[in-house]
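All chains are identified by letter, namely A, B, C and D, in their written order; residue positions are counted from 1 within each chain.
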């Protein structure tokens, strides 16, 4: 890791951590991926009581090793990047910090140890390391379709939430006296969401005939409502993929413009004759 | 709120309440939105027993303040509008009345207080205030697609209801002796709806092998049936959005050919310049 | 109901019962619709114990009235139709018989009374009376799309059933010792169907970590699998509705053939010039 | 099964087992299908305790008969095929072995008998015997659409899993103290999957207001997320099926224009006769 004649050690470190073109850069990514997966496995196993009792010491040491590794990585990222403050305040920077701090805090404050579980957030780096987003991005239509749908789906979800507040309130008026779990309006709204999204835990369920009638109406409505977001995404995706089906692969011999419609005879950009 | 030389105070009031173009109109909308959200928050908190016991007086006073504000708004709306009767009998007019009356009634009749919760219906005004429907309406295709789907989905839902009545009746014949919750046909129909819509509370669940077999058939059917409303909405939306892909409405001044792509500069049929 | 000079009473009866063009035919349909809905309401109310105790006599008499009405209708249908055997063995003929017989049987055999509930099957006549299928049929594309999808969805459902048998068997091997409800393979298969279709009653739920892991895999799979029938129906519907978008409404002046493609210059049927 | 003058018995056996063109080959397929269905029925019935007690001997003998039949089939397949090793190590080869061995093992080792249930895996042969995949394959677009979707859906499912790990961890931090079933992180992740996929057993359900709030957000998210795989499959299928709508591949012999409708007799571009 010492600076060579051409690169200082800092540029080298940046190359290893932030880029994946060099062998050492690729190795770093693989090691980081394994470390993240291992750290989450350890946190998970520790939360299982029977497992924790048996292997408490092993798990504790493993977690300290990973915490120190993550700390080194965190410092290395700050040192090697050009604008350290930008990294520290970035989405991934905050997650990286959150995944190391709780272990240190647990030395000082009792009860903060379970926050180590926040390390699970580092899983989001998997997408960046495996470059999965770029993989999907290859068909940029996919992303564009999702973005176009986002606004419509946002309004749709707001409508669903308001509907659930109203329905939950009505169910509270109907069922609150029955001891069937509708003890308060927030709980009834929670039930309405559980029902409309067709999750249906059953921890709260209507007991009166009227309540069951209203619940039936809500469910049948939910059946029709769920078609809306699916329809939005489907049509948006179909639109983009149909648009790019355009089978005319000619490009104008004069101006090189492409994307001509299938029965075009003249270039739509410069007016030059096609097919010549 | 007094009449100026040009506008009487009534026109002014109408402008503030019903329009959002003036600063005071916009302010009124924002205040109303906050008041509605606050009123629902108070109603919700009051229904939570532990909260109500602690802050009963505070919640009671807040509700009276909001009730009086809503009453003033209601009267102001009636006074300022040209056809008061039309407003009073309109959808929003009825909701506005329903959200103020229960609090006054609770002074006279015991037990009507919980009807205050009907105030949640005022949440529907959020769409009008935030002009969300207009926002979606920008792509009027969305609305048109939903309207075209509505009739088909209506028939589809009627079919689902009839199916549930028949299936519920059959399950009642099979399971009623088993003490598994199918105590009456309406309850069994309720169960059929819970199952077919894939909500599945589990408060009623078949216990006999035959009942479980029928339930399995219902669920597998439900899996296929849910595809129908989604298919309807998707295809309807795709149809409209495909149709409107080409927004260029120009036609060539030389050969009158249309359907040019959005960035076309020359006619694709005769090569004549467009935009002239 | 007596024969006039032109029509025998039999033809007249046929007109009333089977057709809806005459005022008396339309009246018959409306009365039948009300009778069916009333009969189902009575059967439902009778199954609710608290209601049955109070109004037992009223319900019993009402059911006898409706049974006799249905019997008269059944006989009238047989008498007036040209091929009585064809009606008796038809789908609706069997349902009509099944909805009258149980009441008579209950006089002879004890315990057959609950079969009266089979009357719910008559609800299917609602579609015929309201002519809802013809209403949908107006867009015959809808029906054709469903038919085209049917075969694919059939194979898909067979695949789902086989998958559930295999998954249920595996879960039985994993969970049968745990007392968590997986007491036999059929029950486990039932659980697999409940899970894959995302109904999720919760009467049977995995208790071992391995069982929960397998259940998680099943659920995630179900998330992806549910996209298949929806995709089939959506694409089939979109295909037909796109096909019929063809906006060229010309018909050939020579052979009157229609459905020309949008840029057609000559009739595709007789070769005659269009646009003349 | 003896060799004739032209075919050795081995080629004959191969023809019977692996091909379905000859009557004996078709008979073999039918017998095998029945044997597989019967074997699974017996395994299922045996797992039902009340049934096993009554007919234990009958079930045991039936299973031995089927096991011996399957063993003969397995040996016959190895003997008749050209590359026995390839069959033995193939997917179906392993399943065929797994469905015979456990019964023999149960003679030596106690407790391995329940593995007989693995025989259910043979159900997958149903697709091969009934040639259902070829049936779907007729519209190869279907398969191609699924393949195109597979990669996107894979990334999507990975995203769902990571989301569930993170959400489960957060719920563990919120609910673990409440005794509401969130006893460890793996269990909480299991709950998150149960919730996001809208299965909703209800064996684990949030009890704190904060937990229910987070659960509500997860459910509303799940409502929107489920639209993504459906949208992917729908658009992929629509794309392929739209492309292939016009099956007429003729081009006019005079002007070379293509894209004629299926029943075209004359070129729509120049009016020349087609089919010449």
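Observations on the model:
The definition used in the following text is that contacts are C-beta pairs under 8 Å (C-beta built on N, C-alpha and C of every residue); 3 or more make two chains touch, one makes a residue touch a chain.
These numbers come from a predicted model, not from an experiment.
In the contact between subunit C and subunit D, the residue numbers used by both copies make up under half of all numbers at that interface. Looking across A-D, B-C or B-D, the interface that copies A-C in more than half of its residue contact pairs is found at B-D.
Per-chain Cα centroids separate subunit A from subunit B by 28 Å. Averaging Cα coordinates per chain places subunit B and subunit D 40 Å apart.
Residue positions of subunit B touching 2 or more other chains: 186, 189, 198-202, 226, 230, 232, 234, 236, 238, 242.
Within the complex, the subunit D residues that touch subunit B are 198-202, 230, 234, 238. Of all the residues in subunit A, the ones that touch subunit D in their complex are 40, 43-44, 47-49, 114-115, 117-118, 120-121, 123-124, 126-127, 132, 135-136, 139, 142, 145-146, 149, 153, 156-157, 160-161, 186-187, 189-190, 193-194, 197-203, 226, 229-230, 232-234, 236-238, 240-242, 245, 262.
Of all residues in subunit A, those touching subunit B in their complex are 151-152, 155, 158-159, 162, 165-166, 169, 172-173, 176, 183-186, 189, 195, 198-202, 205, 209, 212-213, 215-216, 219-220, 222-224, 226-228, 230-232, 234-236, 238-239, 242-243, 259-261, 263-273.
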